[in-house]
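The following blocks contain the structures, represented as structure tokens.
In the two complexes below, subunit A is the common chain; its partner is subunit B in one and subunit C in the other.
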Partner chain A sequence: MKNKELTFWLFITPVLLSLSLVVIVPVFMGLFYSFTDWNGLNFNNIIGFEHYRRLLEDEQFRNSLWFTFRFTFVSVIILNFVGLGLAVLVTSKLRSRNILRTVFFMPNLIGGLILGFIWQFIFIRVFSAVGDFTGFEGLLGWLSTPETGFWGLIILTVWQQAGYIMIIYIAYLQGIPKELIESANIDGATSFQKFRHVIFPLIAPGFTVSMFLTLSSSFKIYDQNLSLTGGGPYNSTQMVAMNIVDTAFSSNQMAYGQSKAVIFFIIVAIFSLSQVYYSKKREVDL
Partner chain B sequence: MFKGKHFYKGLVLMSAAGVLAACGNDGDVPGTDGADDNGNGETEEEVSLAIMQGKVEFNNQFNELADMYMDENPNVSIEITSVGGGTDYFTQLTTRFSAGDEPDIFSVAGPNEFEQMAEYLADLSDTDAANAALEGTLTDVTGEDGVVTALPYNLEGYGFIYNKEVFEAAGIDAEAISTYEELEEAVQTIDGQKDDLDIEAVFAFPGAEAWVPGNHLSNVYLTHEFDENVNEAYNAETVAFEKGDEFQRMLDLQVDYSVGPVLSLDYSQQVEEYFSLGQVAMIQQGNWVYPTLLQMDPEFAENSVGMIPIPLEGYENQLPVGVPNYWAVNSNKDDATVQAAKDFLDWMYLSDEGKDFVINEFNFIPAYEGYDDMEISDPISQIVYDYSERGDTIGWVFNGYPTGWTNNEFGPNIQAYIGGEMTWDEMVENSISAWESLK
Partner chain C sequence: MEKNVYEKRKRKYLIIEVIGLLMGLVWVSPFYLMLVNSFKTPREIFSNVLNFPDQFNFDNYVVAFDDLNFIRSFFNSLLITLVSVGVIVLFSSMAGYALARNKSRLSGIILLVFVGAMLIPFQSVMIPLTANFGRVGMLNRYGLIFMYLGFGGSLALFLYHGAMTTVSISMDEAAIIDGANKFQIFFKIIFPLLSPISVTVAILNVIWIWNDYLLPSLVLSRANETIPIRMFYFFGQYTRQWHLALAGLTIAIIPVIIFYFSAQKIIVEGVSEGAIK
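After this line comes the complex of A and B, so read on.
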């Protein structure tokens, strides 16, 4: 008995230690610093909720938050839709399905910063070249307005992450027992009915995982945002992560940035956890 | 057989120690590592200099220079860290300081950085370089007690860089332009013939870069509010935009006659794609674009590029020239190290080898005396040096703007104005209140 406990601690200690050193301790330090006038090197006073009060009046932070919500909402829907679609496509009887899996997954291997610059080139140069050639005005001036900046970010994110989400769905799609599909076939179900009533409930755990991943990653996007639009034009496409970095490192208001980060952490935690809770409830067991 | 309990306990401790050791590894700062004596007979004490600086463009050349110095002085070993981009550099510098891995020489720019590093700035008044520094280049870094705390890297200047071929073909003498009206007329003339001149537009204005309108252009119109003194700007509680109207019409002129869409146009498009390929007649930039131009098209860069000041009523023909970066020596080090650091800086700017490197390899516009007989290799730097020698310059104050003002408030406001989201008055009002709240 004793021995078993020791083994337990033996295995958990390295993880526990590193986790507390790089996550848990910094979280509490950050929380503490958000109540001080810390400047990155040292602090003089504990100022209580001053920073949080200021946050309520910070219009740019509010705008970033709102932009991030909109972005997350749209990108989570499109990402899961596209990811699932790709998964269904490459688990079908297509001959090129193996190569397609690789192709769809590949964007995920490129770093967000580089992707941002590549897409910036596509949106600004390629789009305008095609637009000039065809006379289609919707392709001109991308990334120079808030709307095109928004959709540019969505396209970039979906293009990058859909492949990853696809892999998760593939795993669950392949885990569906053949008998169930077969019996549905015998019962005369149409493809849509099969998908809606057999496949979809069975891949619900995959849905939970993917929703969680897309939700939290969309909330926290920074590098794509930085390289694609840089927050421009006029900070209209600045997401919360970027707003925090700017506050802390470019305006040099470390403690204020920290308090924004605390609020952001709480928001992301609430959304992610409640999403997992509700999705879990819908999963079915075989 | 092991007695289970002790064995496991030992393992737990070992793994814990392993984790801790992995985290604490950066403690061993290279103290005196240039220790491989090659028997040069030097009896001087070994000194190692850690240099951290924020001008990443000349990193390779700077390393070469350091190698030369180390060859001459075998007892000195120099280790250079270059970090690019204004904000990133300073964050990393403060990180190194708070981690206890303090560099011996580091670069500082702007009053805010000076204020934060104040306790680490050694007195450099007794260096030869400080005595040789050109007039005005030390005013920003001299305390009230006359103590010089930093040495200038170089000089930089900006204005309208223009394509001589286009101006010639349009029959305009750029050098004769000194007022806004003359500039506007020239712009309209060129714009009227843009098909014949085979250009896309007169300007390429990079609206995506907050610093082009937010720092450089605004400096021309705000500098006199602060007596051309960066510290005065830094200490100012507010900003008035006294010459706001002139600022507005110059911004409008550049935006109206620019390649579009302005708001997504960035620095590299402006310089590389549009200007160096002859697609536009002029751009608002400084001497730092020259290496890029040279890389794109050496013939064009050497023969067809000129620069004129941005016209300002009452201050015609004056070029904004400033010191972008300063060297500081860490006062927290022992005397021998501080002295070695001073010697290195003196050598870099005042010895013959150093001077040659500063001019020909760094492509710096020297901020020191004693370069009169040397030829500055690029034409734009030559123009900047000529203006500074004549004293026809206006000071840079934008490094004294409140931290983050340009990037997070003023710049985006200007973008909003360009995008039609704000009126000019709203832009000004907003930016003033942002200045006041950031103070």
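After this line comes the complex of A and C, so read on.
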């Protein structure tokens, strides 16, 4: 009996130890430090809610939060729309469907940092060349204003991640029994009716999954932000994750950065918990 | 009448075919633009950004390859990725097995802690994490691999625990009768049965760790820098010198493309599995 317990602990200790030292202990230490004047090495005073009070007046942080929420909202909608569209496209009787699947998914495997640099070239050099040539002014000066920075980040994110959302929807689309589509055909349903009344209700769980996946991944974005706009111009496109990294490691305000990190955690946790709640509710409803 | 329906359907498929082709072109165009411009001179990029270069000039690649220190950063990335993924696969499968076979309240609580930890974003732990590891002199490759186990172990454990439901306990019992101990049962019987999920876990973690920038940039010294870290400095150095920057980006992408085309089916299945479970 004793021996059995020993092997149990031997098997789980490596993962448990690393999780504790890498995630659990730092979470609690971070929470504590956010109430102190910690400088990364030691602290002298517990200062209560001082950092959090300062957060309320931190215009840059407020801008970052607002920008991140706006970015998340728009990218979640477009990503799911495009991802579903691509999935419908590559599951139709298209001759090129296999190669298209390969192409749409490819950007997913490459890091956001590298992809951001590629798109920096496209927005700055290619867009302006095409704009000069065609006289279309909408293509000039990309990434030099907050608005073009915003849409640049949206385009990059959609291009990179739509293939991933496509894969999720494909799994659900392929789970639809053929007989259902056939009987809808016999009943004379149009393509739109088939989609609205047969396909859509059956892929709705996939919608929940990818909605929340894109919600938290968009909110946490860092690499793409760093490489595409670097937060510029004048930090107007700096998202929350980048603002935290900057506060802690560039301005060396460790405890203050940590208080932002705590707020960040709370927001992400609300997203995730509402997903759990929503999925559970759906299961009950079914 | 018959013919009309047939014509209509044919036209519909033609339209979808064209939409597919256009979308495909939109999706590859960034790679196309990167590639053709990486062979041009700065002047040519300026005068002719959309077309093929006048001649394929490899000078940009020679400079970029050298400046990226590509051989070294490639092997740094490879080492970190392979060891971390190996460690994650080994220890997570062991823990998933132990938790699935030991159905106690404690096991349930431990599993819940792991699942809960998946909700915690990296940015909310990175500051104390790097401070702690710095204090004990572990901001190096060993520390990084240990961190990857901590961050990646939860999802892997969760996937292994789920997969264990398909492995019948009679497997264990038969092996016990044959006199095998727990380690033998696991490594000789259970682990091979879990290999489909091991492939999924490995694929997901390779994609993540190979491309990860922020964590290694906080942990590793310049001598051990991985491809993304090197790329960040390289690009900063060649701001607006697009010909060199694009050659460097192409070099950095090549290993990923080779990986994708050599194991495409497994990769797509693995990613799909990891997302939906």
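Just a few scattered comments:
Just so we're on the same page, the second predicted complex is superposed on the first by the 252 of 286 C-alpha atoms of A that agree within 3 Å, B and C clash if a C-alpha of one lies under 4 Å from a C-alpha of the other, contacts with A are read in each partner's own complex, and residues count from 1 in each chain.
In the analysis below, a residue touches a chain if its C-beta (ideal position, glycine included) is under 8 Å from a C-beta of that chain, and two chains touch if they have at least 3 such contacts.
Owing to the predicted nature of the structure, the values given are computational and were not obtained by experimental measurement.
In the superposition on chain A, contact is made by A:T7 with both subunit B and subunit C.
Of the two partner chains placed around the shared chain by superposition, subunit C is the only one that A:F117 touches, whereas subunit B remains out of contact.
By the touch criterion defined above, A:M239 lies against neither subunit B nor subunit C after alignment on the C-alpha atoms of chain A. In the superposed model, A:M166 makes contact with neither subunit B nor subunit C. In the superposition on chain A, A:I203 contacts neither subunit B nor subunit C. When the two complexes are overlaid on their common chain A, residue A:S18 makes contact with subunit B and with subunit C alike.
Contacts of A:N252 after superposition: subunit B is touched, whereas subunit C is not reached.
Of the two partner chains placed by the overlay, only subunit B lies in contact with A:G141; subunit C stays clear of it. Once the two structures are overlaid, the count of subunit A residues touched is higher for C than for its counterpart among subunit B and subunit C. Contacts of A:M211 after superposition on the shared chain: neither subunit B nor subunit C is touched.
In the superposition on chain A, subunit A positions 7, 14, 18, 21, 40-41, 249 are in contact with subunit B in one complex as well as with subunit C in the other.
Put simply, subunit C touches subunit A in their complex at residues 13, 16-17, 19-21, 23-24, 27-28, 30-31, 33-34, 37, 45-46, 49-50, 91-92, 94-95, 97-99, 102, 110, 113-114, 117, 119-129, 131-132, 135, 146-147, 149-151, 153-154, 157, 182-183, 186, 207, 210-214, 218, 228, 231-232, 235, 242, 245-246, 249, 252-253, 256-257, 259-260, 264, 267-268, 271-272, 275-276.
Subunit B meets subunit A in the complex at residues 4-5, 8-9, 11-12, 15-16, 18-20, 23, 87-88, 91, 94, 97-98, 112, 116, 207-208, 260-264, 269, 403-404, 407-408, 412-413, 415-416, 418-419, 421, 438. If you check the complex, the residues on subunit A that touch subunit C are 4, 7-8, 11-12, 14-16, 18-27, 29-30, 33, 40-41, 86, 89-90, 92-97, 99-115, 117-119, 121-122, 125-126, 129-130, 159, 164, 167-168, 170-171, 206, 209-210, 213, 216, 220, 222-223, 226-227, 240-241, 244-245, 248-249, 254, 257-258, 261-262, 264-265, 268-269, 272-273. Across the complex, subunit A meets subunit B through its residues 2-3, 6-7, 9-10, 13-14, 17-18, 21, 39-41, 60, 124, 140-145, 230-235, 246-247, 249-253.
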